[in-house]
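Letters A, B and C mark the chains in the order given here, with residues in each chain numbered from 1 onward.
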Amino acid sequence: MRFFMRRQNWSLPYFIFMLIFVVLPLVLIFIYAFQDADGNFTFDNFSKFISSPEAANTFVYSIGVAIITTVVCILLGYPAAYILSNKELCRSKVMVVLFILPMWINILVRTLATVALFDFMRLPLGEGALIFGMVYNFLPFMIYPIYNTMQKMDHSYIDAAQDLGANPINVFTKVVLPLSMPGVMSGIMMVFMPTISTFAIAELLTMNNIKLFGTTIQENINNGMWNYGAALSLIMLVIIFASELFSDGEEERASNEGGII
Amino acid sequence: MKRFFAQAYLWLLLAILYAPILIIAIFSFTEAKVLGNWTGFSTKLYTSLFTGGVHHSLLSAIENTLIIAIVAAAISTVLGSIAAIGIHNLRGHKRIVMNTLNNIPMLNPDIITGISLFLLFVSVGITQGFATVILAHVIFCTPYVVLCVLPRLQQMNSDIYEAALDLGATPMQAIYKVLIPEIKPGMISGFILAFTLSIDDFAVTIFTIGTGGLETLSTYIYADARKGGLTPELRPLSTIIFVTVLVLLITINVRSQRANKKKKALGK
Amino acid sequence: MGESNFIIELSHISKSYADKTVLDDVSLYVKKGEFVTILGPSGCGKTTLLKILAGFGTATSGEIKIAGADITDVPPHLRPVNTVFQRYALFPHLNVYDNIAFGLKLKKVKQDEIDARVRKALKMVGMTDYEWRDVNSLSGGQQQRVAIARAIINRPQVLLLDEPLAALDLKMRKDMQMELKDMHKTLGITFVYVTHDQEEALTLSDTIVVMSEGKVQQIGTPTDIYNEPVNSFVADFIGESNILNGEMVRDRVVKFMGSEFECVDEGFGENTPVDVVIRPEDVYIMAHTDSGMFDGVVQSCIFKGVHYEMTVLTPNGYEIMIQDYNAFEVGQQVSMIIKPSDIHVMHKERVCNTFEGKMIDATHVEILGTQFLCSEQPNVVEGESVKVDVAFGKVELMDNKEDGQQVGDVRFILYKGDHYHLTVRTAEGENIYVDTTDVWDDGDIVGIKIQPEDIVIRRA
């Protein structure tokens, strides 16, 4: 009893919970990835991946789709975030809510809505629909963190830059852009990561014509190929871990997401 | 002039963002089976969504989704708040470890969380169903609750807990008379966040739901869409979900803005 | 030491976190009804001591008694003390009434009695009719009054006040000081007051406890502490003072600033290094005359409201601060006189740095958590424990911390007339004392360098 009187020990149940349900399952992915169906140690799952053109191609294709989606999201989202955070250009906070609102709608519903739009406009489903759908799904995740960083930006930096003789373009390139980079970084993480790991979305948007890496993983797990599926998951984890190291914006992302409501 | 272009850009973007949803909303008021055919105004899809009958499975999927969301959000809120109080009182490397652990489920893609839990359940031999879905949702929702409650604890004057003890409250009394009222707003937003995340989730659910025929809204839509068709009743349902979320978010924001203004006025 | 005499008995309290000692063998006995102030700079351990007294922290060793009862292991909610917190710590979700009634409600006191006592407490702090106000809408001073009412309503035997006025502006602080003093008289309970403000301590207290570096430096009445500081720290911390290096030539004769002065101190032995403290108001200043004890040139002269504060430079390079009702022009030749009884002579705590060290090899010694090059030592055993002396003046401080052999931050600065005496805390938590003529600021991060020939090794 006295043990739990010390409030710092209150984190202990959660610690144990996380060990069992977060750390252990990740370890299991690792173990399964290096085992064959009988539980013997093997590298076969990985050599199978490298030698099978279909899985490898899907992998490369998925990364390509993720990169394109991310770039388009930055190009569209950065100006939007800039305008939203600028008091002279946008006075209403409701605008911000309108932009983050789609984040709160089921991704499948959103995807179906996109399909409906393409049907309605009599546009063919395919690669174009895939990119449009991905951008449509994840654009709010790019706008929000950038907006957040820009909003917290101390306006006196801009005043100081102007005071020191910077013209509007200088102010943007030398002050606003560098200071908003953390937001861009976490935006990249929040778009790139779900895009590369998504499944089901691509099939719906392309009438089952294009498969992304997430779907390959899911199909293997569904078909009982747990070890191969785990190996593919591990490959995806490595990619994501690498991109996280690259962006190094973990804390940013965490704090941004906590403040959505 | 600059303002005009800026506003125009925003509205254009919004129009593209909302076009699909609008189309769904518009075509929820017609009977046609195939989306895009307008066969005259009708609210039949709305009535048939609620009277059920033929689409019993959709109704039960909605019911399951709500039950799972409420239970998972409640458990996450309790677990996350206790954890946040603990983490808040940790120092040094222990705190870093806890923060890192807390970040893992948020940084993990859903599919990885789903597969890793699937592997855990099959290797231990747990039958998947309601309980595993709720457990899975608690796992990915709790970190968000922790993140909602922690800032409240940090903003709180750290002396007030000790002040309560000083005035004769036992540690338990101090927690529920002083600490809980202070972190309540964080717990509420944590609950709402967890609830929405749970309702939205698809990737984790599909790996932990098992093969017992249990359906949530997400898995129902997925199965439905894969069959090629799209149950027409999903249109009114999506519209209702969308309007609810819209109203909820706007009221929350307007209220918090008002509260902020009031606080500022009082502060002077 | 009869039990009835003391309401608080703190015996040999020590507290350390990991390897850091926050309180080092503190003992303190407080009489019933006394107004005791624990005074010291931030980080001296005064707040830790108060927390231990309130029960929010536990001592690593030592014993606490209140009214004769051992409460060392009693949790805070069962202790007969109440605290007024520095940042008030009012419960933001409760109004003024519920904040004040908090303790009584927990004790299940009857409602009408609570009403009466809350009203009485509010009246005492001059906040009648504020019962239903939201505490967040009150000003700092009002919040502090509520915090005091909330504490005293429980009729504690001891009221602990943790820098209660620190967040208020100057005018409000002066008013509250008077009110606190009145309250202390009316209530008749013991006040233990923590502050870093020496003026506040001198104004309010019956007894002052001066603390530094986790140790009690001096306990005494305000007059004792001001007039007879026991060491240079206390002298510097309480009031303004000139602190100079000196040498006790023999009884009643002390040498500083290059000349011998008559004083009243005895028993220091002969030719003993000492610290000499002279209060600025105790130096008599006059236009140049042959009858002065020493001469100088006025460097600056500032009007301070009642008196003038001047700095005078002596021919051999010492700066002396002087307060006088008469102003002297900058550049003017002046002469000074100091009465023997105004020269306070104090033992030096140390005359050079002494470290516990370990030999690495014949030319390397480990001190301050790192290796230093030293002059070659014969017959060295690796790991041999040694004592290492380094003169204050032989420690070099560098702006660039990478240039030093070890890093530290400047903790305490004492001006000694012609140089600064700095206390520098290394990253490992050890203190190194440095004499320098360079100007450093409190909190500066510095590199520490010692030349091999200045490291004096004493081997067993």
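Here are a few things to note about the model shown:
Quick note on the criterion: a residue touches a chain if its C-beta (ideal position, glycine included) is under 8 Å from a C-beta of that chain, and two chains touch if they have at least 3 such contacts.
Worth saying up front: this structure is predicted, and the values here are computed from it rather than measured.
With contact taken as defined at the outset, there is no chain that touches chain B as well as chain C.
Per-pair tallies of C-beta contacts place A-B first. Between the CA-based centres of chain B and chain C the separation comes to 54 Å, rounded to the whole angstrom. In whole angstrom, the spacing between the mean C-alpha positions of chain A and chain B is 17. Computed centre separation for the pair chain A/chain C is 54 angstrom, with centres defined by C-alpha atoms.
Across the assembly, chain B contributes residues 171 that each touch 2 or more other chains.
Per the touch definition, chain C reaches chain B in the complex via residues 54-56, 75-78, 81-83, 85-93, 102-103, 106-107, 134, 136-137, 150-151, 154. On chain A, the positions that touch chain B within their shared complex are 5-15, 17-19, 21-26, 28-29, 32, 76, 79-80, 83-84, 86, 88-90, 93-95, 97-102, 104-110, 112-114, 116-117, 119-120, 136, 139-140, 193-194, 196-200, 203-204, 214, 217-218, 221, 226, 229-230, 233, 236-237, 240, 244, 250, 253-255, 257-258, 260-261.
Taken together, the chain B residues at the contact with chain C in this complex read 157, 159-160, 162-171, 173-174, 177-178, 181-182, 263, 266.
Within the complex formed with chain A, the chain B residues making contact are 2-3, 6-7, 9-10, 13-14, 16-21, 23-24, 27, 35-36, 79-80, 82-83, 85-91, 94, 98, 101-113, 115-120, 122-123, 135, 139, 142, 144, 146-148, 150-151, 171, 189, 192-193, 196, 199-200, 202-203, 206-207, 217-218, 221-222, 225-226, 230, 234, 238, 241-242, 245-246, 249-250, 252-253, 257.
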